[in-house]
Each structure stands twice: as structure tokens, then as C-alpha cells.
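Same chain, two partners: chain A is paired with chain B first, then with chain C.
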Partner chain A sequence: MKVFIDPPNSLILYDLVERFGHEPLGAMASIQERIDNIELDLPPMNVTLDDVVKGLKYAGVEVPSGIRGRLALWGPLIDQADAALIMLDPPFNFGCVGCERSNEMVRYLIRRRGIPALSVAYPGNEAEAKVSVGRIKEFLEGLK
Partner chain B sequence: MTIKIAQLSCGTEYSSVQYEIEKAARSVGAKVVYPDVSYADINDSLKRFGFNPRSPQLKLMIARAVSLADGKYDADAVFITTCFRCAEAALVRNELRRFIQDNTRLPVVTYSFTERLKAAQLLTRMEALVTIVTRKELLARERQTGITVGLDSGSSTTKAIVMENNKILGKDWTPSGDVVKSAQLVLESALKQAGMEMSQVEAIGTTGYGRFTLGKHYGAKLVQEELTVNSKGAVWLADRQRGEATILDIGGMDNKAITVRDGVPDNFTMGGICAGASGRFLEMTAKRLKIEITELGRLADSGDWRNAKMNSYCSVFGIQDLVTTLGEGKSFEDVAAAACHSVAEQVYEQQLQEIDVRHPIIEVGGTSLISGLVKAVGEVLGEKPIVPPDSQYIGAVGGALLSSGFL
Partner chain C sequence: MSDERETRLFMISPVSNVTPDQLVRAIHAMGKGVKVKETCYGCLAEGLVADVKEVTGEIRGRYPYDVFSKRRAYPAGDPRRCRAEHGTRPGYAQLEAEWESLPLIACGLESCDRGETHEIPPEPEKLSVEDFKKITEAAR
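What follows is the complex of A and B.
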């Protein structure tokens, strides 16, 4: 199944989804597709004006361009996701898209789709980390 | 020497404008750099700065600013930019600008972008940052020497000044049409007034939108953006070359608010998103009232803006307000006053919030001849601005003054 991860650029969540036999939907694939297939040379994120305009599907024109650009990347992934895995309140070196308003909208879009979603709090220590990974494992194994 | 412009930003890479920012910097011989910070630096910087925004990229912006302020990272100028319409970013952008100014002597420019940003829109700003860094000695020049000419090819009007030994001998202006032809016309007239021939001119300085074309045509010794040139012209005309001041130039297409220290700009803001609050709105108002723009100020002086509410936030809707107000039978005087007040209010809300106003305020540019607008600016700011003589010639005077530095 296709599982959207939030934060979308979390390597740990990406790896966990892959390990348990699902296809992770995250930033890496989205950016890679722009570099490989569209051959866009607009680093660092390869977002184009067209993308930002496409972001209007998810947020109105009065919403800052940076949010629409982000939603143009993550929105289509959420649209095609069968499930979602969300890490709540992670520190930004765990993975982040830089804008809290975008993060809120991403979580709302997941909720609006009504797909199975697991939200886990960012663990504060090793024991909590084990519990979190256990919950994620259980969730991913339960997806059919 | 490549000038390093430190970029403190949020959202540029997701708005498809990062490439345009770097392109604008490259085109003026500068390079955009990003102060290095570690993860630990970010948390320490947030504590020191005292403002902890929710968005991580804004946290990074703050850490980069602290790195510059502490001298841990070397840069020549600072460009602070965030998404247009983002409240959290707008708060951080303005406070960081203040923080950089309080803690460094680096020139700063702030900008809020949309996804439509193109390098050309940033060119003048980037060029000004580079000029401030690379031409410090030239910008410190306070006296014009020899015989020099300044040409200002603006969006609405073209101006020429002939100067000799720190005195204006000839001047003229005309509405801008063909860049070269308009300049030729005013230059001939200014030279005639000065009783001089072109062959006597020792140096020419060009500025304004047509500066490159004119610079090439006349083989100008100085081709420079209008932010630094206008500043020099303004402080020379107002005889305020030393100390601090704010220069307010409500132009035909965009407005500039520049803070200067000893005549050299250290922070500036330039309208760019909307032309609603520019002199163009007053031109449109005059046209609708079927009067000359030169009459608008006098008319406004005898009117009361409170009697005719108008909002030039958008020039199209502003004119709609004007039509409605006239339809209600309001007097031309009140309508003219309302138009001036509306532009002054917009300048206050859009431009002057992006800088820390320093005193005195020197109002310049063609619109400073519209007395009703000067009065409105004074009312809105609570301080009567200084309007120097020949205030519409700031760019041309600055060009003549600075080009004499090449003699």
C-alpha cells in the first residue's frame, strides 16, 4: 500500500514504511521525480511556477506562495495515499518542511481524506522510541 | 571582488523564486551566500533573539542572522526575504532587519515575494547593495566638481541637470517617451540654459530605468541604480549630507523609502507588488478629474479628505472609489485631498513599516511638487517633511554629483 509520511522528508519514517513492505510517499520521491523525469534544474527543491499555481488546488491565492509550493508537492501524494504515518511535534532535524502552516494543512488534508492514519508523538527517550516503533510496526502490518 | 550577499529567507525554494534571486545577484557581480549554522546554534540563537516562531525555516533565519551579528560568518550585505502575506514571516523579517542594523553595519534590504518574482524586479535592490559596498568612497562625495551632467530616465519623466563646481546651471524635464530621444531633448535644453556645449561636459552620470541605454549612448562614466543616486541627490539638495535622514520618493511606478547615514543608504525599501500607492494613482485621479497633475496639489490643499473616503490600495478599486465619490456629488477639492491622503496612507503602511524612520524626512521626486501630497504625508507621519528645491531632480543631481568623482 502507499503510505504518506509526515514529515514528508523523514528518512526514519520512509525506512520504516519500506521495511514493513509498503511504498512510502515522501519528499524524496517527489523531488527525485522532478529531477529524473522532468529534468528541472531549479535547486534546491526543483519547484516551478507551475507547481505553485497547481498548489491552488489545496489553498487559495491569498495563501503565501511558499505554502502553495509545498502543498503542490505533498498534496498529490496525499491524494494517492492509502494510509498515512504522522510523527507529531518532531524536532526539525528529524525532518520538516520549514513552515508550520504547511505542516498543519498537510495533517488536515490527511484527515480530510479519511484514510487510515497513525499519529505518534515524537519519543523523548529510548523506551518511548521502542513503544513508538512498536505502534508503527503494528499499524503498518495491519494495513492490507 | 565578488560581493557576498547573505540571504535570510523562508519559502524561496518552495515558491520557485530562489533561482531568480541568485540570477539577480549574479547579474550585478554578487553572490548569494547562506550563513552556516549548526543545530545547537539554532536553539541558542532563538533564546538570544527572544522570538521563537513556530516555523522551523524562520528559526533558521534567526540563527543565520545571529551568526552574522556575532561575526561568525562573513558577508558584505544582507537580503531578508519571505513569502508575501505570511504574518509570522513578516514579523520575523522586520525584527531581523532591526536586529541586523542594531548589531552590524551591513546594508540590509527586505522584500516579500510572490511566486511571480523575476530577477529584474530585484535588480535595482541587489545593485544598490553592491554599490553601497563597493563604492563607499564615491558615495561619501559631498561636492560636485568640474562640469558634469546627470540624466535620470524615470518611468514617468526624464530629467537632466548640468552642474559646475557644486552649482546647478541648467535643468529640464519631460514626460518619458523614447529613452534616448527624451534624454536628448532635456539635455539640450539644460545645456542651453547653462550656456554650455556638450563638448565642455567632462562626465555624465545616468540613473533610473533607462540608465543602461543612456549610459551606453552617452558613454557615461557613472551608470548607477536610483536608490543610491537619489539618496545623494536628496541630501545634497536638502543640505543634509551629514547625520541621519529618511528619504521618501513617491515615484511614478514604485515608491522608495531610504534611510541614510551621512548620505549613504543603509536600509531601503522599494514598492514592487502593487503600484496602487504610487504617483501613477494621482495621475489617474487627475485624468479622471480632467485637470493637469500640476493642479491636483493645489486643489487638494483646499479640500478635506475626510469628506471623501478613498483607498488606493489597488489603483483599479481606488479609481472605482473615486467614481463613486464623484457620483455622490463630493467636491473636486475633497476628492483630490482624499486621493493624496490615500497615497500617503499606503506609503506609510507599505513602505515605512519596513524601515525605521529617521529624522528629518526628506520628500523628493516629482510627486513632492504636489503640495496636497506633501501635506498628507505630513499629516500621516505627524511630521512635516522637508521638500528641498528642485526636489524632482534628485536622480539627475545625484548623477551629476557622483559622476564628478570620476574626474
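What follows is the complex of A and C.
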């Protein structure tokens, strides 16, 4: 099954989804498609004007273009996902995945689609890690 | 989707005794014909999708708790991202933060493999409007 991961470029979630036998849907494949198929020499390298227009399907015109640009990449992935795995409040939620409004919108789109989704807290110690990984394993093994 | 090329990022856990050199040699020794680039955190492997998947499976089998991997969008050594070419590295803050957490994830995986069960903590209840009113009025 195709499992959307949030944050969409997370190494940990990508690895865990693959490890437990599913296909992770992360931002990397979408970005690679743009890198391989479009000549991009200057920044912004990942998002074009067309992407921002495509993002209108997922967010209104009054929404900042940065959010629409992100959703142009992530929205189609959510559309084709069979399930979703969300890690809440990771400490690395800054930089290119640090837009909280985009993240809220992603979680809303996942809920609106009604696909099975698991939200787990980011582990801060070993006990929490055992619970989080255990829940992820149980969720992914239960998907059929 | 781009199905011909896959670039895979292999990251070694900070508590592991595996070195990037060992990892690169292990991938070369598989003889799958993938291009490998040694990095400070592990290595990048690039090749046809099927070959890279085989390499990933073998590495995961050999180092289940030491090496974690994900797909990478840019090719290995791409001048827009390569440090030697003064490329920008926007995702590295996140990669570093995740690298620090890998021992915790490995600990969780080991626990699952031992068959340990864990109680799921109850979700915190939402604050009721009445309680919220009491809190705000108490501060007056």
C-alpha cells in the first residue's frame, strides 16, 4: 500500500514504512521528477509558477504562495495515498518543512480523504521510542 | 514518476561501529553496478531503481539497526547540492536532527523484534470550556 508520510521528507518515517513492507510517498520522488524532467538552473529549483497554480486545488487563492507551492508537491501524493503516517511536533520542524500552516493543511487534507492515518508523538527517550515504533509497526502491519 | 534513476541516501546511526568506508565497500562488493559516493554520514548509492532496491534490502538485512535510508531527489554529486561545488544544503538541519534520533528508533525496532509489548498511553483529554473559563477567571 502507498503510505503518505508527514513530514514528507523524513528519513525515519521513509525507512520505517519501507521496512514494514509498504511504499512510502515522500516529497523526494516529486522533487526528483521536477529535477529530471525540467531544466532548472536557478532558484527556486523545486517549485515553478505552474506548481503554485496547481496548488489552488488544495488551498485557496488567499493562502500564501509558499503554502500553495508545498501543497502542489504534497497534495497529489495525499490524493494517491492509501494510508498516512504523521509524526507530531518533530524537533526538526523548521526549514523547508517548517511551515506550520502547510503542515496543518496537510493534516486536514488527510482527514478529509478519510484514509487510515496514525499520528505518533516524536520520541524523546527510549521508552517513548519503543511505544512510537511499536505503534507504527502495528499500524503498518495491519494495513491490507 | 522518475523510475529510471534512484539515488538512495544511507545514514549510519551515531552509536554504530559501522564506518562509511565499510558501508561503501559492502555495496561495491555486491556487484550490482550502482554508483556509490562515500559521505560523512554514510553514503549515497545511485543506479537503476531495481538495483538500488536490491542493495537497500541487503544493507538493511546486514545492518538492521545501524543503517537507515531514504530516497534522495538530487543525483549524487549534483553541483546544486554538492559541498565540493559550494551547493546549498537546505535539508541538512533536518538530516542532522534525525541522525541524532536514530539510536532511539533502533532501540524501538530492537524492542519490537524481541516481541515486547507496550501500553499505548491514553490521549490527553481536551480542556472543557468550563475549566478554561475557571482558569482565565482565576487569574483576574
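Operating definition for what follows: the second predicted complex is superposed on the first by the 131 of 144 C-alpha atoms of A that agree within 3 Å, B and C clash if a C-alpha of one lies under 4 Å from a C-alpha of the other, contacts with A are read in each partner's own complex, and residues count from 1 in each chain.
Simple rule for what comes next: a contact is a pair of C-beta atoms (placed from the backbone, for glycine too) under 8 Å apart; a residue touches a chain by one contact, two chains touch by 3 or more.
Quick caveat, the model's predicted, so the values are computed rather than measured.
Look at A:Lys57: by the touch rule set out above, it reaches neither chain B nor chain C.
A count of residues in chain A touched by chain B and by chain C gives the higher number to C. When the two structures are aligned on the shared chain, A:Ala29 is found in touch with chain C, with no touch to chain B. Once the two complexes are overlaid on the shared chain, A:Glu100 sits against chain B while remaining clear of chain C. In the superposed model, A:Gly69 makes contact with chain B only, not with chain C.
Using the contact criterion defined above for the overlaid structures, shared-chain residue A:Glu126 touches chain C, although it does not reach chain B. Once the two complexes are overlaid on the shared chain, A:Leu16 sits against chain C while remaining clear of chain B. In the superposed model, A:Arg112 makes contact with neither chain B nor chain C. Overlap of the chain B and chain C interfaces on chain A comprises residues 43, 45, 92, 96-97.
For chain A in complex with chain C, the residues that touch the partner chain are 7, 9-12, 14-16, 18-19, 26-29, 31-33, 35-37, 43, 45, 90-92, 94-97, 122-123, 125-126, 128-135, 137.
Here chain A touches chain B in the complex through residues 42-45, 47-49, 51-53, 62-70, 73, 92-93, 96-101, going by the rule given at the top. Residues of chain C touching chain A in their complex: 1-2, 5, 7, 9, 11, 56, 60, 68-75, 80, 88, 90-91, 93-95, 97-98, 101-102, 104-105, 107-109, 111-112, 116-121. Looking at the complex, you find that chain B touches chain A at residues 10-19, 39, 42, 53-57, 59-60, 82-86, 88-89, 113-116.
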